[in-house]
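First, the structure itself, so that you have it in front of you.
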Amino acid sequence: MPDTPAEPMVQIQGIKKTYSEDRSLFARSAQALTAIDGVSLCIEKGEVFGLVGASGSGKTTLGRLLLKLEEIDAGQIRFQGKDISGLKGAALKDFRRRVQLIPQDPYQSLNPYMSIFDTVAEPLIIHGIRSSEARRQKAAQALDAAGLSPAADFFPSYPHQLSGGQRQRAAIARAMVLSPEFVIADEPTSMLDATISFTIFKLLADLRKTQGVTLLFITHDLAAARFLCDRIAVIYKGQIVESGLSEQVINNPGSDYTRALINAQPRFSFVNQ
Amino acid sequence: MNFSAETRAACNTAAAKRSYNLQRFLDGWALFYENPVGKLGVFLLACFGVMALISYIPPLIDPMYHPMTGVDPWISNATGPSAKHWLGTDNLGRDLFTQLLTGARIAFMVGISAAFMSIVFGTLIGMIAGYAGRVTDAALMRFADMIMVMPSLLVVLLLASLFGQLNIWIIVLLIALFRWPGVSRVIRSQTLSLKQRPFIDMARVAGASHMRIIFRHILPNVLPMACLYMTFRVTSAIIVEAALAFLGFGDPNTVSWGMMLQWVWKTGHMFQAPYWLLPPGICISLITLSFYLIGRAMEEVLDPRLRKEENFE
Amino acid sequence: MHFRKLIFRRIIEVMAIFFLILTGLFLLFHLSPGDPVSRMVQPGMSAEDASMLISQLGLDQPLWLQYLYYVKNFFTGNFGISFHYGQPVIHIIGRRLPNTILLFTTSVILSAAAGVFWGKLVAWYKGRPIDTWVTILALVCHTLFLPWIALLFIWIFAYHVGWFPLNGMITPEVWINPSAGFLTKAADIGHHMLLPLLTLFIIHVGSYLLIMRSSMLETLKEDYILTARAKGLSEKRVRNRHAAPNAYLPVVTSIGLSLAFSINGGALTETVFSWPGIGRELIFAVSNNDYPLALACFLFISLVVLVANVIVDVLYAYLDPRIRY
Amino acid sequence: MALLEVENLTIAYKTRRETAIAADRVNFSLERGRSVGIVGESGCGKTTLGMALLRLLPSNGFVKKGRVTFDGMDLLSLPDTRMQRVRWKRIAMIFQAAMNAWNPVQRIGDQILEAIRTHDPKITKAEAVKQVEQLYELVEIPADRIFDFPHQYSGGMKQRAIIAMALACSPDLIIADEPTTALDVIVQDQILQKIKAIQKEKNIALIFISHDIGVVAGVCHEIMVMYRGKIVEAGRREEVFEVPVHPYTRALLSSYLTIDGVFEIRDKQSPAPPCTPAEPLSKELCGYVHLCPHASEACRSRPPQWREITPTHKVLCSLCR
């Protein structure tokens, strides 16, 4: 793949997505909801990009569009320079290998009927790694990297036997097992307790350093985005209202919405720091 | 993150290494068996199972005990219970007790095969409708609605009149064909909620094919519900078959409890021969009750919230 | 308004379903072995009458034209002549349909009302002996074999005790008497109706009770029940004003889904009690190969179920403001 | 005497296999007009505690021992009908925003009216409606929305309406259980400001339950940190934030991300300024011992004890000397 150093990982140009509410056979109602309304973004190779927005702002939809879980209505998404809208067959499978998801809810993101090994090894089977020895080795590596070690201890367990943090680590291991180039983390800690989510953030930062993966971090929490991300975009009602380097966005917010968001953050002015 | 020694030890114990499915099943069974409703259901069902098994024996002892063709040469009218005929005989001199035993066999056969077929149809259609969504879903569900508003008993009757005498397997097939919509509605709504769960997204992102997602990820999750519905479908199949036979549209080559009731009703013995009227009705009611009890007990083991659309049949 | 649009849509849907049933029946009739003409025209008819009937029903036309005739005939109420009665089918339906609707609606409304009321109470006392016993009783009622329990009732209450007539809907002597007023006639029908009604009631009340019970138990877990309690309301008020109105909703849906099942039971009851309804007529026609009558009975029964479904939908929309507003 | 005194409150749940303790020997008291925040991770028993005060535990939950005294009344032994009069009239509750706390088939206004008229049967409907209008003004919802159904409200409006209903009978104590979870940051901030202002203005006592220590610190005078059913540290919020002593509190604070970066605990040294031992209350071992970076042999063998750091700041930890 011709990878010029300047080429961005993901380039989004003016994409739109609307949902129609009704899908009955006999009546087609006209109510439509615009989830994404003309978003353009560029995510560079190797960076952690934060997408911050309130619930219903379209941030999760944007992630799903990037993952090709849903199709855009207008605009263009280019992944490593190539338009993804028409991908099919082998090309789509190749895309699936390169782009992965870390989901929101660790209690729902693992199939309760599959052991941790089956879960982590499933992408390997799908992508044609036939030798079971190779699969074991790769799965073990991924679990170790995600902080579940010794991996062999976790292979036979089922999701309900793990704690929330452990499950999220298993989900991360599954996402990383194919060594993807681009990972979308969709509110990876919103269901976890504060102390646990902090460790997950640190794990994500580690993975980026050791594996060089590009990360899109979707969150409602400006503070978490600042902690983890190089650059931040703020999304509001389906539109990007502001984007830039994290420090810049937070110290010099350019839009009223971002300013309101920053002002609404809890502060501990009573503590003499 | 640090894991405690206990957590690791817990993962290593034999119990944890046992398959999750097996573990779930054993837990579920314990909960099921604790429930008096479930116990009673299993007990009743075991009784009927024994009846069905020993139904093969009497005709071997003496051909006059054959439920269809065996006629007691000394009896030409309906008679009450005696040492020779424990429940008495019908107006042709056939032994009611062996008829009753054979009826259990037919009930099991009809109930389980029709239920199994309708569960297979219902689960497949429900999964496909829920997973595919959009037009496929709408079309399949409208079709299901259409079948659901049709009174199945009367439809089968009408078909019987149009196509002539139905044999027992055609009846089974027809019952199955008219009984899947309820199952597919439930399986569909479950599939819809499963589809929202991130592990399906994870599978798609990993590049899994639709087949893989349906059979590897969705099917195991809806299977318990399908099993539950199977018990309810068994009852409904038994009832429909019995009602058909009662109205005179059963397979004339089989003896079922519905058939026995038809004979007692049509030959005008219902006021004179309670020994003939009571047993088949009690059996039909009890066998449906036993499957129903088992279903109810299973329901409490499975998540009760899954069942929003209670079914009647 | 949202509500009207919804009901309107539902009516369109139901009409589409009915049309599909109509078409399906036509196809089945022509797919099945046997000659359509001989099935619609009684052998004993004079040649003149027969050819008139054939041209009326379009049986001498190509299949697609026959279909158009068939649809047209449905809307003009022309279903041919019944073999058994020798009368136009529509007249027979006209006489039988009200009887079925009387028995069907009375039984559904009574058993639903009783089942919902008792289910509400039983759910409230979950875990107590009364709950266990009523639940088991409801399960038994629900699984009783309908024709058998009907026969049993006739045997006990009509034959042995003699409280009720053995079968039928009216006593001819009462109706022949010119001095009999409306009340006397109504009482006579009521007397005949009681036993079939009791049969249907017992079969249905159990399932309605069980559904209401589980719906109520689900509702009691909801957060707004906690709010209602926290507000300091009395337990009775929490139950009747907050839990029950929400628990009705799934029950109404279930009633809609169960209507087809109820009509099965209705047909069986009518047959055993010789209640002159359309269900009994269908079973009778099927037994006697009276095809014109059987097809028309089936269509009208489907129509009854569909109309009842629309009524249930209206009721649901009325009970749930999320649909109304 | 304090408005609310909770002594040694132990709450348990009966499950199929065992009896699980959800809250273990909880002690605290609350004065009129003061506010206390209870912080802890999910499942630590904080919601159970709130429910127990109103005697609204689920059917398998029960108070094992302890006393709750509210304005001189022993709440746990009050007859049901009298307890119904305490509910909402004296102690009101603000439920989780994510919960569907509104009955979906009744108009919101009717539900508020019901609360008012249940506790004041003599009030006329017009007067009660007037009261609701005033409450709506207070929580800033237009009065023409009063008789809407819940599904016509947005999440933030529902939450504000819940606050309006909580104030309807002018209670002495409000228990707010995660009132802003699942709301957007901006809406959350508005609601918190509202709760804080109303609490101050009406001199109401407030128990504020949340998993988010930052949110709690914004609203409450005092903070209690709960871990696995036990209160492990309690004190004025300045004390807890400036000198957190219990290792769990420290972990909670040092993983708290603020807009300016990670929250920095001023005192970098691991536990604890010198303090005097308080009355020993606990018999079992510390619940945090398996995760605690400072756990010593003593922690694994002896139950932790309450230590007093200042008269208002206490901690349940053996490491504190």
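Order of writing sets the chain letters: A, B, C and D. Residues in each chain are counted from 1.
Simple rule for what comes next: a residue touches a chain if its C-beta (ideal position, glycine included) is under 8 Å from a C-beta of that chain, and two chains touch if they have at least 3 such contacts.
Model, not experiment: these values are computed from the prediction.
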Shortest walk length in steps over touching chains, chain A through to chain B: 1
Central chain of the complex, centres being mean CA coordinates: B
Per Cα centroids, the chain farthest from chain B: D
Whole-Å gap separating chain A and chain D, where each centre is the average of the chain's CA atoms: 34
Averaged-CA centre spacing for the pair chain D and chain C, given as whole angstrom: 54
Whole-Å separation of chain centres (CA-atom averages), chain B against chain C: 24
Gap in Å, rounded to a whole number, between the CA centres of chain D and chain B: 51
Of all residues in chain B, the ones touching two or more other chains: 142
Per-residue overlap in chain C, given as positions that touch at least 2 other chains: 13, 16
Set of chain A residues in contact with two or more other chains: 24, 199
In the complex, chain C residues that touch chain B: 13, 16-17, 20-21, 28-29, 32-34, 136, 139-140, 142-149, 151-152, 154-155, 159, 207, 210-211, 214-215, 217-218, 250, 253-254, 257-261, 263-264, 267-268, 271-272, 279, 282-283, 285-287, 289, 291, 294-295, 298, 301-302, 305-306, 309
Residue numbers on chain B that touch chain C, as the complex places them: 37, 142, 145-146, 148-155, 157-164, 182, 235, 239, 242-243, 246-249, 261, 265, 270-271, 274, 277-278, 280-281, 284-286, 288-289, 292-293, 296, 304-305, 307-313
Footprint of chain A on chain D - complex, ascending: 41-42, 182, 184-186, 188-190, 211-215, 217-218, 237-238, 241-242, 251-252, 255-259, 261-264, 266
Chain C-facing residues of chain D, complex: 54, 56, 80-81, 84-89, 92-93, 95-96, 99-107, 111, 114-115, 118-119, 148-149, 151-152, 165
For the chain A and chain B complex, residues of the former touching the latter: 23-25, 64, 67, 69, 92-93, 96-97, 99-101, 103-105, 108-113, 115, 122-123, 126-127, 147, 153-154, 156-158, 160-161, 163, 165-166, 169, 171, 174-175, 178, 196, 199
